[in-house]
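Paired with chain B in one complex and with chain C in the other, chain A is shared by the two complexes that follow.
Let's look at the complex of A and B:
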């Protein structure tokens, strides 16, 4: 959170810098089968964010030391392309991508039926091609569509959305400016069919009432995005 | 849904079919993982379906198959998981003094012990019988809970493949390739004058005249492309 409290990002009518209302999502579109050689793949375009996820497996688990005798392991790699941001991202793993890979794997592990594939590995690769706030949400959403597309059994698909606070107002789906100069950011991973939560992070401060409001925005937005995910899967490959 | 969709209170409703989508009376409905398939009472959960809190839930992306007693999902894409008695085409990936390791397109290589191999060889003579890279037609003998499997070449028609071509199709498309009672496959064999063996792991052995092999290949590719582009018609 940048903490530039004097940056005006929402007017008295509740219109935000990009013309959305407080509860509006950026436009979301999802395609499946964008990587023909992968077992499953998906592209999510969410506002200006572009994420591609590819799933390979289940396959034999290498290195052997991470293999589990009773279930599969999820090997998630989140990566931002060097050209995804205006100031070049240094290629390779960094602290941030390692963290996001881990929280994404943790969120997906709670839905994928890993015990059906003992000793296997399921490789999930998430590549962010264009970044504009909320890439961890876009990446997680793309990964769960790609897993479903690969035919991996899972109890539900994870939908991830972030809400936050700008100029004291709680708003849904922060964009770049709101993320940088806003006061709080609350990304959540939601299972739309049961309403359960598998992932939550909070950056900044929210009062209990504001937290509830952001929570409700996320829950509502997750249902919308879930419908787009389901439509993408049912509509066939790109 | 391609783009342009924005969340507003008026379009953020969630449909809630209490009886589940199967009650709409549509045959072979396409579902996504997590989708509710109605109450579990009177129905058994088949492949790709889980019972959770008295309700059935899809765990795979595919078509719903309801035969009255059991609800199952026929997945649109799936990895090959070996089952005992499957006929498979494998490639020799490696060998030790008395064991071949066979790639059967599953997550793990299968083992082929010399005792189940194609002929007699002295200890250490595995490579003289079947070398790395060669294709074999074999049958899955045993699958352990941890997915390790044993294949055998003792049986009718199981042999090393010396001629022809091997093509790969997604295992879930085999039903379409073979057709009802083998009708489509018989037709394909007649039309192209080729010998064709369809293995359960999605590998298809084709032998015959050059033009025939090309014709079969074209047909297989067209089938795969068609299934991928529509998705809904696999």
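Let's look at the complex of A and C:
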């Protein structure tokens, strides 16, 4: 965010650079079973975002020192492939991917019934193969589907969507330009069955009314994406 | 990679099958798994490919950077090839710095491509001694069920073959041009399982097998890279047997790269 308010990204009729209206999502498609060697896996293609997630476990917890006597530990990793961004990304962890891994783990720990697997580890691996804004949301959504596909018990799946503000207009599901030159970005992780939240971030500048509007967009979008997630899981493997 | 426990029962089972010239998944000795190749699937890469061989799935992506040419080759660009096997690819792969296995993988694939001379590095020079294109080929495994070498080599050359130099994005001209790739080197790998070499071993055969040999052949059947890996001994006659198979299989793989079509 910041200082790019003069880039025109929405016209007077409310049409955005990619032709969407303010409340429209990018096209989302989800497939399960895309990583045959994993216990559960999913691919989410969201606009030109392309993410895969794999789940391994519950398995023996290694190293021992991170083991918990009363519950499983969730080992979540978010990573971007070197060719996922316009400028090549150097392989390996960076501060950004560590933070996203952490908040993703925090979100998933709120829904996975970890106490059912004491002393175990469940590994969640999120790989972004092509990035176009909102990869943390796409990754978290993919991880939820992969966990469900692996048969890990959860109270609900997390659906994650980001809304924001461009040229003073609140819009749903920011794309690359809107994320780079917009005024605010509000990613949320929503439990669609209860409307509760397990993940929330914001950067930018929103008035209380704008904040409410972005919040409502995210809630609506989450219901749409949730249906696609359920259909993917019911539809069987790719 | 965590050192997997080598199951003695699996070894014994594979050896027993080998006596009747059988494999655990019903394939013949020189038979490959179903192999699929798709190109142009990842929008942010200048060239990309996905290869599926049975349950092994890998991606390759090409990116370009501007580099200063090496002092002894002021008129040439460069090629860099890295292989990453992320923990997403299997339960035995762990996070952390690149493992010796993945470094070996990247280097063997790199040698096959580099030594075949398929990329005209003179064509990548922008200003002699000052600026040149560096081609970066990143190989990325997401599902490891054996024989990542062949999957990486196939995805790698297919991604290079479809790559476009991003001259518009770097404000150098009005249109992008294809990366000049004049040859198609392809790799065939053989693992010794139950005392004899087989082609395209899967994860179980790698686990319960011994040494492996990788052969990269160019368009004219010339050898461009060889690598023997893991503990084991092999004879001249064994080598000429696999070389004979590699000569015919590499031609088929080359056809596959030539016929690969851009994804929609």
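Going forward, the second predicted complex is superposed on the first by the 237 of 238 C-alpha atoms of A that agree within 3 Å, B and C clash if a C-alpha of one lies under 4 Å from a C-alpha of the other, contacts with A are read in each partner's own complex, and residues count from 1 in each chain.
Everything that follows uses one rule, which is that a contact is a pair of C-beta atoms (placed from the backbone, for glycine too) under 8 Å apart; a residue touches a chain by one contact, two chains touch by 3 or more.
As the structure is a computational prediction, the values presented were derived from the model and not from experiment.
J.: Answer with first, second, both or neither: which of chain B and chain C does A:25 touch in the superposed model?
T.: A:25 sits against chain B, while chain C stays out of touch.
J.: Touching A:220 in the superposition: chain B (first), chain C (second), both, neither?
T.: After superposing on A, A:220 lies in contact with chain B but is clear of chain C.
J.: After superposition on the shared chain, which partner residues are touched by A:79: those of chain B (first), chain C (second), both, or neither?
T.: second
J.: Between chain B and chain C, which makes contact with more of the residues in chain A?
T.: The larger set of chain A residues in touch belongs to B.
J.: Touching A:129, do we find chain B (first), chain C (second), both, or neither?
T.: The second partner, chain C, only.
J.: Now for A:149: first (chain B), second (chain C), both, or neither, which partner does it touch?
T.: first
J.: A:54 in the overlay: touching chain B, chain C, both, or neither? Say first, second, both or neither.
T.: So A:54 only meets chain C here.
J.: Considering only the touch criterion stated at the top, classify A:165 as touching first (chain B), second (chain C), both, or neither.
T.: Neither chain B nor chain C is touched by A:165.
J.: Touching A:117 in the superposition: chain B (first), chain C (second), both, neither?
T.: In the superposition, A:117 touches chain B alone.
J.: Going by the contact rule set out at the top, does A:88 touch chain B (first), chain C (second), both, or neither?
T.: The answer is second: A:88 touches chain C but not chain B.
J.: Could you tell me which stretches of chain A are touched by chain B in one complex and by chain C in the other?
T.: Looking at chain A, the two contact sets intersect at 36, 59.
J.: Over in the complex, which chain A residues touch chain B? Could you list them?
T.: Interface residues on chain A, with respect to chain B: 20-21, 23-33, 36, 39-40, 45, 57-60, 69, 111, 113, 117-120, 147-157, 172-173, 191-193, 220-221, 223-224, 227-237.
J.: Taking the touch rule as given, give the residues of chain C at its contact with chain A in the complex, in rising order.
T.: Residue positions touching the partner: 41-45, 48, 55, 57, 59, 61-63, 65, 82, 84, 86-91, 95, 97-98, 136, 138, 140, 142-145, 169, 203.
J.: Provide the residue numbers of chain A that touch chain C in the complex, in ascending order.
T.: 34-38, 48, 50, 52-54, 56, 59, 77, 79, 81-88, 91-93, 123, 125-127, 129-132
J.: Residue numbers of chain B touching chain A in their complex, please.
T.: Against chain A, chain B makes touches at 1-9, 11-12, 14, 30, 32-36, 48, 50, 52, 57, 59-62, 75-79, 107-109, 145-147, 228-232.
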